[in-house]
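Each of the two complexes below includes subunit A, the first together with subunit B, the second together with subunit C.
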Partner chain A sequence: MREVAVVAFAQTRHSAVDEGLSEPELILPVIEEVRRASGLRTFGFTCSGSCDYLAGAPFSFVSALDAVGAWPPISESHVEMDAAWALYEAWVRLQHGDVDSALVYGFGKPSQGDLHQIMTLQLDPYYLAPLGLDHVSYAALQASARGTDRAELDEIVRRSRAAGRANPYALDLPDPEGDAFEVEPLRPYDVAAPADGAAAVVLAAGDLARSVCERPAWITGIAHCMDSHYLGMRDLARSASAAEAARAAGAGKAQVDVAELHVRFSHEEPILREALGLDGAFSAATEVNPSGGPLAADPVMATGLIRIGEAARRVIDGTADRALGHAASGPCLQHNLVAVLEG
Partner chain B sequence: MPSEAPPGAAASPGGAVADPGGTVADPGGTVADPGGVPAGDPVVDPVVDHVLEFPGGYTRTTGPVIGRFLTELRDARIVGVRTADGRVLVPPLEYDPATGEDVTGEFAEVGPAGTVQSWAWVGAPRPEHPLARPFAWALIRLDGADTALVHAVDAGDARAMRPGLRVRPRWRAERTGHITDIESFVPEVTKIVSPVRAEYRLRPGRALTRFLEGVARGVLLGCRCGSCGKVYMPYRLSCPECGVAITEERELPDTGTVTTFAINNLPDPRAPEVPFVSAYILLDGADVPLIALVGDVPAHEVRQGMRVRAVWAPRQEWAPSPLSMSNIKWFAPTGEPDAEL
Partner chain C sequence: MSGNRCAVIGVGQTEYRTKRRDVSIAGLVREAAARALADAELTWRDIDAVVLGKAPDLFEGVMMPEAYLADALGAAGKPIMRVHTAGSVGGSTALVGASLIQGGVHDRVLVVAFEKQSESNATWALSTHPPFNASLVVGAGGYFAPHIREYMRRSGAPGHIGTLVAVKDRRNALKNPYAHLRIPGIDRAMVESTPMLWEPIRYLETCPSSDGACALVLASEKAVTGTPAWVLGTAMRSEPIFRAGRDTVDPRAGRDCAADVYRQAGITDPRREIDVAEVYVPFSWYEPMWLENLGFAAEGEGWKLTESGATALDGDIPWNASGGVLSSNPIGASGLIRFAEAALQVRGMAGEHQVDGARRALGHAYGGGAQFFAMWMVGRDRP
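The block that comes next holds the complex of A and B.
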């Protein structure tokens, strides 16, 4: 495997309301920031992740290229997924050996639509989407299948929101309170806080990484796995694909100092801890979502990339030696990506 | 599962996206170029409504496996498909999610009854949801299936839901071959409601008639046994202890003491509210208590030994029939110190 590292990461100050910026306007500052941090103006490969349904317009991701500068023509690709999967594609592209750098970015403006409607559109069009099954509803089914410990979930939200208040990029959300259900057993505060935002990462291989970054965050393992899309065909209390991705990425080979998890609903954290903690990679010393995670800010389609970026940032700044970034996609943790980053 | 129209094709309904010039993209004179707005003019929020909709909906081919399932649904039957290792997938997929192998061509009818494995309660349904009233999402394992179907359960109340609940489909009358041909699942019948009602014509008997005539005049009439000396309330014609006729009438005051009571949580047309208190009240001078309501006091404050007085309805509201207790609404605390019992 060719050595590839995260050498720069930037994100917007995510906003719960539409601040009037178009998608390219959201992206431009973070692209500039990672260019400045890496000293690289052009890249061997560029890949983005976003969802056209968030904007309600086809090929809306093409206009985002205005923020990158695509002339003369650049080598560019896009995934209709969280940008963590754009990072995966860029990592694969760098394995070819003919280019040494890649720009990865993701963005989303959920404020423009109704996330319940939009997330329903991702589902099986024969069996699930016609029921109007929305993301909070299927998450509640998973929470119910696992069985909820209300005190445990409240503590996860409290801890995540407190961390988010200390994170200048996340939202300022109060401690959880109230006993209303959104969809029982989930309360409104168990649900990730949608936000408008963007993030960018620069990947570099080998000597280029060493020359542009004092302490690159080397990707020593990266893998993604998927469960059946149909909720009734798998054990919702567990995430077999997250466990398999963690195994394939070698997460359990040594202690994990920091884990940034794509927890969009509070009950997903214990499911992921269990799945990713196989082989003893997690311990009491593992910091989980020190950024606050998606429960403190969920710039949809950039959120997974931010988990990898936050984990890498801790390696780059020397406050962690081994960090794990996790991204999820699809209903009820259907599709999971795990990246292990080491200094 | 090919789609005739790629997601992108949904995009250009009526020019809202393809030609936004007239609506959004040309805010130059109003917002994007603040220089053009004279100072002091109100700021215009440039927000516009936008709808993404494919007119008439996408046309999707079903393939043979999903198509068979939907065809059977149209005929109000539910089928699963058998995998190579003999498991029955419901709803059917073209492949076995455990192995990725093609399923067999063998379909098996399942259900229609099934068992709820887990559920989530929707207290406030959204417009897209299958029911407009509160309902449960559930994973339902239909009898004969090895996997669970996701659907709605119309259970009325979250307290009716539990893992293991037996449910059956409620079919739409007009079915088209769609997962919503099942409007929802409903719990199996485990109980019925039996109405009970019969009509009677009652006469109170001579003693009670005499007592009620007293109430009609605003008097509480009791009696004293000439043999044992006990004072009974209400008035009666014989002493139940001595078995002798009683002849001595005695008027009693409308004050007394609570000897014991019950808090009632079922509504009663005669009671002021729920919960209400029915109590044994020993009228001053009586040797046996009578049963009456206690009101004008929170139920949890009623106690043995509490002093109470009858609350008479306003005289203009007294019952036209002389034979009714309704002239007394209930007994209410007097505020006196509790009596020793």
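The block that comes next holds the complex of A and C.
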């Protein structure tokens, strides 16, 4: 495949409350930041990811184009998915060989709605959505199927929130405490912290990447995979699609220094560690979610792209040689994407 | 065309109807996909990846439906993506699928787009009032009617041109077994007798609300089976809806997108070198407007081409031989149907509405405030 790298990454300081910014206002600063960092003003391809249901209106990506300044008209597309998949589409587009750069961005304002209601609409509309189980209930089923070690989950949340407090872009959340359940066996703090936010990435190919970035984060593997939608058709204790995406991306071929995982519920971390081979021979020293991950800030629809961005940032700044970015979508880790980034 | 060669080797469509009460959304998309696989003489197992497109999730009320539809589309255990680029989405979905092959990532990709309008309310979903924005509460017809009036003012087109397109496309639809609106005996008097919805658009000059799905199987050169339609050029273009001074009647994004596709396909005179075009015409007047925007006629001259009969099935440049969006409109699929019908024409498989000897065909879709464009050119001969 053609050499393509992440050469710039920016994110907002995510906010747990609505700060009164429209989506274009959220996006504009991060797009300007990656333009400055890469020195590129225009791009061969642009792709974004967002979800109309967060805005409660169709075409939430339409006004986002105002932030890009798409004039003269640009070659552009959009996925109604986490922007990690927009990055995937842009990476594929760069494989054609006729364009050398791409702008990718994602954004979400979950403060405008009720995620419990919204995520329920992702389920089979005839047989599952009418049951009224929200995404937390589904996650609790998975946590039960996995078998929960409360001390292990508490430690994951404690570590993630501490990392988040040290991360200027994540939320300031206290150490976990309290013994109430959100949905048993999950406690409120086991659930990702919704936040308003946006992120942008610039991809560049070959020599352009080398010329705009001292140490590009080369995408040496990227793949994604979907599982069956129906929980009864899956072994919920495992994530087959995450394992397949990791295999296809070549994640297990060498040591992973840093892994940024799209962990929306604390019990997903051990499931993903196992699926992605992070508990394997190479990976005794893998740092997991040093940014704090989604448990410390979950700007829905940008969260997956931020995992890739955070992993790339560690390669670009030289503190990691090989990093993994992971994104997930759908109930109970139904859809997984893995990107491997190398210096 | 950029990247590796890509061909359409299978096309599947459902019958387009007001209400498909006999199938769920999953049943609808599976019907189109199964027909595309049968056309390509392949099975679900032969597919490497799936790309799904549809218009806003608010229509049917299923958020990010690729999760729910993965099983029906044989995507469990495979990569599946969901494209959403407003009304152009059907075309964009085909282009994202083609990109996976052009980029050398996969050899066989299933592309599916759908809308089940009987389980949705498009005008309601398009008229919501998001924070920080004024709501027009007009739906698509109310939005585009002023653009059409401006076209009429600029070009001096006589008022009956839209009627001619409405009659022509519905007559073509009578030759297409999948078409939704089938109105035997349709003529100008019938169209002119229908109520005025949004001046100058009358009831029979607008597209219907349809249930339906369309699917394509795309293949790399080494994976071609059956009769291929080769992809000769692909392009997407977008421009910002609120940019002051953009020309909404003759959008630059449309002109740039067409120029890009023509360059890749080696087309310098679209009217002479393209044999048939499937163009997104949801309101009759968009035929003359797009004739100009796509370079088939000079500025202000598009309506004359329509009036002369050049775009009829027996004209020198048939537009929408299938009956077009005016005859079938499962919104999210409408763009993909244009791309699919273009492929059927150059494969010689368009049945009664086949344009004799079609070698090169244009597929076109647009969306948003006439700001998102997706196009491809397909041909009988390998590029």
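Keep this in mind: the second predicted complex is superposed on the first by the 339 of 343 C-alpha atoms of A that agree within 3 Å, B and C clash if a C-alpha of one lies under 4 Å from a C-alpha of the other, contacts with A are read in each partner's own complex, and residues count from 1 in each chain.
Criterion: a residue touches a chain if its C-beta (ideal position, glycine included) is under 8 Å from a C-beta of that chain, and two chains touch if they have at least 3 such contacts.
Keep in mind the model is a prediction, meaning the values are calculated, not measured.
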{"item": "Which superposed partner A:95 touches (first subunit B, second subunit C, both, neither)", "value": "second"}
{"item": "Subunit B versus subunit C as contact partner of A:65, first or second or both or neither", "value": "second"}
{"item": "Partner chain in contact with A:228 - subunit B first, subunit C second, else both or neither", "value": "both"}
{"item": "Between subunit B and subunit C, more extensive residue contact with subunit A", "value": "C"}
{"item": "Contacts of A:125 with subunit B and subunit C, given as first, second, both or neither", "value": "both"}
{"item": "Which superposed partner A:161 touches (first subunit B, second subunit C, both, neither)", "value": "neither"}
{"item": "Which superposed partner A:143 touches (first subunit B, second subunit C, both, neither)", "value": "first"}
{"item": "Subunit B versus subunit C as contact partner of A:247, first or second or both or neither", "value": "neither"}
{"item": "First (subunit B), second (subunit C), both or neither touched by A:322", "value": "neither"}
{"item": "Which superposed partner A:52 touches (first subunit B, second subunit C, both, neither)", "value": "both"}
{"item": "Those residues of subunit A which subunit B touches in one complex and subunit C touches in the other", "value": "52-53, 56-59, 80, 112, 125-126, 128, 227-228, 230, 233"}
{"item": "Subunit A residues touching subunit C - in the complex, by the definition given at the top", "value": "1, 22, 46, 51-53, 55-63, 65-66, 68-81, 85, 88-89, 92-99, 112, 118-119, 121-126, 128-129, 223-230, 233, 240-241, 244, 329-331, 334-335"}
{"item": "Subunit A-facing residues of subunit B, complex", "value": "1, 3, 7-12, 17, 46-47, 50-52, 58, 60, 62, 66, 70, 89-91, 93, 97, 117-123, 126-130, 137-141, 147-152, 158, 178-180"}
{"item": "Subunit A to subunit B touching residues, read off their complex", "value": "18, 20, 52-53, 56-59, 80, 112, 116-117, 120, 125-128, 130-134, 137-138, 140-141, 143-145, 181, 183-186, 227-228, 230-234, 236"}
{"item": "Residues of subunit C that touch subunit A when the two form their complex", "value": "2-3, 24-26, 55-64, 66-71, 75-86, 92, 95-96, 99-100, 102-105, 125-126, 128-133, 235-243, 246, 251-253, 256-257, 260, 368-369, 371-372"}
